[in-house]
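The two complexes that follow have subunit A in common; it is paired with subunit B in the first and with subunit C in the second.
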Partner chain A sequence: MKIHCSTEHLAERLATAARATSTRASIQVAAGVRITATSSEEPGELAATDLELSLRVPIEFEVEQPGSAVVPARLAQEVVRSLRSDRVTLEADPAGGRVQITAGTGVYGIHTHPVDDFPKLPEIDPERVFEVDRAAFTATVERVIRATSKDESRPVLTGALLQIEPGRLTMAATDSYRLAVKETVLTDEVPEPIEAIIPARALAEVTRLATGSGPISVSADRNQIAFGVDGVWLTARRIEGQFPNFRSLRPEGFEHEVRLPRGELADVVRRVGVFARHNAPLRLGFSNGEVSISAQTPDVGEARETIPAPFGGEPFEIGFNVDFLRDGIDTASGDEIVFQLISPLRPAVVTGTEDDFWYLIMPIRLST
Partner chain B sequence: MGRVVAHLDLDAFFAAVEVLEHPDLAGLPVVVGGSPDGRGVVATASYEARAFGIHSAMSAAEARRRCPTARFVRPDHGLYSRHSRRVWTLVEASVPLAEQVGIDEGYLDLTGAVATAGDADRYLRALQQRILAETGLSASFGCGTSKVVAKIASDREKPRGVTVVAAGREATFLAPLRLRVLPGIGPKTDERFQAAGLATIGDLAALDDAALARLVAGAVGPELRDRARGIDPRPVTLPGRAQSVSVEETFERDIATAGEVREIVLRMADDVAERLARDARGAQAVTVKLRYPDFAIATRSQSAAAPFSGPEEIARLALLAVDRALAARRPPVRLVGVGVARLVDAEQLRLPLP
Partner chain C sequence: MRVLVAHCEIGYAGRLETRLAAGDRVVLFKEDGSVCVHALTGAKPINYMAGPTVIEETEDVIRVRRPATSETLTILLLNVHADTSYPLTDDATIERQGRELDLHALLVRALHVIEDGLVLVERERPTDVGPVDLYCRDASGRVTLVEVKRVRAVAAAVEQVIRYREQVDLTPALAPARAIVAAPDFAPQARVLAAARGVECVVFDPETLRGEAAPHLTLF
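After this line comes the complex of A and B, so read on.
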């Protein structure tokens, strides 16, 4: 393999592909990026996979000699992005084991991983590909992704449930302390409905790729789901298992419904929340015409602020984890948020006023 | 063996951390402390530096005179705290009761966990090995029936020593040692005792009440003499409120199968949940401990993102932890323990997910 490429283009494409590499995976080649050069007529490809996630990234280069090589991602990136000349040449040693990078007077020899060790990447069946609106997709991901769980012992919760059906895109995520659900109107044609649990990391990578415009391609089979963004294909292993029946978790009725100005509430929660450290709860005390927001951490300090609220009825106090509450307030939309409450030990629901999003949050039991 | 108290002392701790962080310092005389160009003093010297006669509290300038090639490092206390935390997290998960008294030392109460001096020796060597394997730091242990004996014993065979003083041997162990090693005897008191003809701890232990009262006024005298005799009733206590709740049991016969171990873990998870509920607190991690017939100890912890207290959650996390331990080494096991740690006053409720 011998190719000539724009240094800037190569650096940018390498950085994209490297997102799917891992130095922690069980196989060494997972830390590498495979460069494939077929001919100058076809675009080349960079590919990387850590076995959970894989990326195929098209790249423009001039092919002097077709072939392929697997370069260690981090080292190749470090070299290429620090080069000062505009063009760079990559040449694989015919005997294998090395790639030589030449730029200006600089010559860099990199030890490579065996191409044969590189895992077979999932194929995408062009027949099954359909398109969804990019903005609708990324906006939906952003509303729920923070509620995914980091606890690997419950794999189902480490992903978000994705439902694509005619007219509607739904995503739901829960770490069992809160649950975020976003429904978005979809005008794209959906050939067959999809319901899949997608690893949070894959969704985050898709939104990272999807900064431009134009639709996102989607293709799913039993084990994999693939997203195509501007020619880049990201494939992720679907998480097996049954996602909780999230609609049934939303209480059917509430005792209180309180509308609060979103910006002001967010500010107060941020300020007072400074004093809710080490898992100390943020307390919301509802009483006639106001809500007081307070927090106290032993040996740190305490804070309290009050904002007017259209609340009537028996006063009560409910505690929340400040980060969970803040995520809900931040991801709801509109100038106002609506708190739906039952009692101090029952779930509360936060919604915005502008679109179809709800965020259920479990309280913290208050000791006094 | 009645009460069993061990003292843990990390070897040349600051210097050891510096070597861990900067492997190029390994094997060199390393001096952590102030600048040798100013009026700095030595905080810790590596054993290589101690070979040149360098010790704590010596002026850094003097240290450089004794060893011009020594590598001088300014202390980074944040770094040492992080390493100390790692050691103590491991120790707290491994022993029934631990009381950290300084960044590099503390007491462990092993009562019930070991039966004989030989047991204690094996137990502490295994713990020493785990600390080394998991944190890269070397520790010395002393063990006896009281804090004072344990503390003095831990200093006998540094570095990486384990000194166990059997019950009944306390006074014999202490008698030949210089008075100055007895906690509570500073340079002034030492001078006064020396002047009165006392050279060893044994000399102090042998004083009668009248002679003692002439040397030291008040209640301090009898207390010092008690310590010289190896008598020290101070208990090992948790600093502040309980940081963990745990139950453990040593079985008469070895538990032979993983299934039985898991059943015991489930039962213990219930006990722990009950004790936690009594305290109205939540926990953030569950630890499971197994001890094998050769005294090797395995502990595994499982954390949750938010505090919990219910028996189901404790059982779920405990099973995850015990399965990891059993995957590393199969039964038979001699001891099973389940505990919760990182306690907080609030309990985060969860959605009823399947």
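After this line comes the complex of A and C, so read on.
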């Protein structure tokens, strides 16, 4: 393999592909990026995978000699990023095991991984590919992804449930303490409905890739789901298991519905929340015409602020994890936040006023 | 894992020499070479040798040698009741709960378990005679020192909190301080000493406390 290309282009494409590499020592080749060059007429490809997630990134090469090589991602990135020359040449040693990077007067030799050891990447069936609106998709991901769990012992909760059906895209995520659900109207044609639990990391990568305009391509089979953005294909292994029946978790009725100004509430929660440390709850005390927001952490201090609120029922106090509540307030949309409440030990629903998003949050049991 | 149940005599030579006359025993040969001999009663093995070991076996004698220390355990088999090997796997590690610091953290979040109205001022507050586990104020504002024990409290725990109280009482603005020992159980001598020296004993159930202090409710 011998190729020439723009240094800047190679650096940018390498950085994109390298996000799928693995640093686990047990799969050395997964720390590499496979460079494939066929001819100058077709785009080349950079590919990387950590066996859970893979990225195929198209790249423009001038191909002097076709071939492929697997270069260690981090080292190759460091070298290419620091080059000052506009053009760079990569040449694989015909005997294998080495790639030479030449730029200006600089010559850098990199030991490579065997191409044959590089994992086989999932194929994308063009028959199954359809498109969804990029803005709708990324906005949906951004609204729910924070509610995914970091607890690897419950894999199902480390991803978000994606449902795509004609006219509607629904995404739900929960870590068992809160649940975020966003439903979005789709105008794109959907050949067959999809329901899959997608790793949160894969969704985050898709939104990271989707900074431009134009639709996102989607393709799913039994084990994998693939997203195509501007020619880059991200493939992720679907998480197996049964996602909680999220619709049944939402209570059918509520005792109180309180509307609060979103900006002011977010500010107060942020300020007072400074004192809700070490799992101490943020307390919302609803009484006639106001809600008091307070927190106290032993050894640290306490804070309290009051916001006027259209509340007229029996006073009660409810506690929340401050980070979870803040996530709900931040991800709801519109000028107002609507709290739907039942009692201090029953789940509360936080919604905005502008779209079909709801955030179910369990309270913290208050000791006194 | 090999489990040998046998009527046997056991001799040990190493740091000292011992001989165990004939009796029925259970001998465990573990994957790392450790060998444990259990009698019919008692939680601990009556003989053991930590791995790695070298095991030499003839028809009625098993010799377990530990090359690192030149110790030898000799098992003379008189009658074998059972001798079975099992291909076992166990990757789990024990999760310890109930450390004193864990209990402090739990109690801090549920101080009403000790006394209603108690407010924590500082954990591990230093004094000249050592740190007070929980330095609190009670509902009337009086300084209250709490010594937490995760297991049965003995007289030493009461004496400990008395020493803290004496130190705190040296500061007139803080005196007179209250002293509390909080523990799942109290030895009778500890209760007598506490009553005589004005120390309060509070019993709590760590299990209940864990329930009380794990206030995060879940959706499912």
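Annotations
In the analysis below, the second predicted complex is superposed on the first by the 366 of 368 C-alpha atoms of A that agree within 3 Å, B and C clash if a C-alpha of one lies under 4 Å from a C-alpha of the other, contacts with A are read in each partner's own complex, and residues count from 1 in each chain.
In this section, a contact is a pair of C-beta atoms (placed from the backbone, for glycine too) under 8 Å apart; a residue touches a chain by one contact, two chains touch by 3 or more.
Here the structure is a predicted model, which is why all the values come from computation and not from measurement.
Annotation: superposed three-chain arrangement on subunit A; subunit B versus subunit C shows a clash.
In the superposed model, A:K150 lies in contact with subunit B only, and not with subunit C. Of the two partner chains placed around the shared chain by superposition, subunit B and subunit C are both touched by A:P244. In the superposition on chain A, A:L360 contacts both subunit B and subunit C.
Overlaid on A, the two complexes show subunit B and subunit C touching the same residues of subunit A, namely 174, 176-177, 179, 244, 249, 278-281, 319, 321, 345, 347, 360, 362-367. Contact residues on subunit C toward subunit A in their complex (touch as defined above): 105, 108-112, 116, 119-123, 212, 215-220.
Residues of subunit A touching subunit B in their complex: 149-151, 153, 157, 174-177, 179, 242, 244, 249, 278-281, 319, 321, 345, 347, 360, 362-367.
Considering their complex, residues 280, 282, 284, 302, 304-307, 316-317, 320, 344-354 of subunit B touch subunit A.
Of all residues in subunit A, those touching subunit C in their complex are 174, 176-179, 244, 249, 278-281, 298-299, 319, 321, 345, 347, 360, 362-368.
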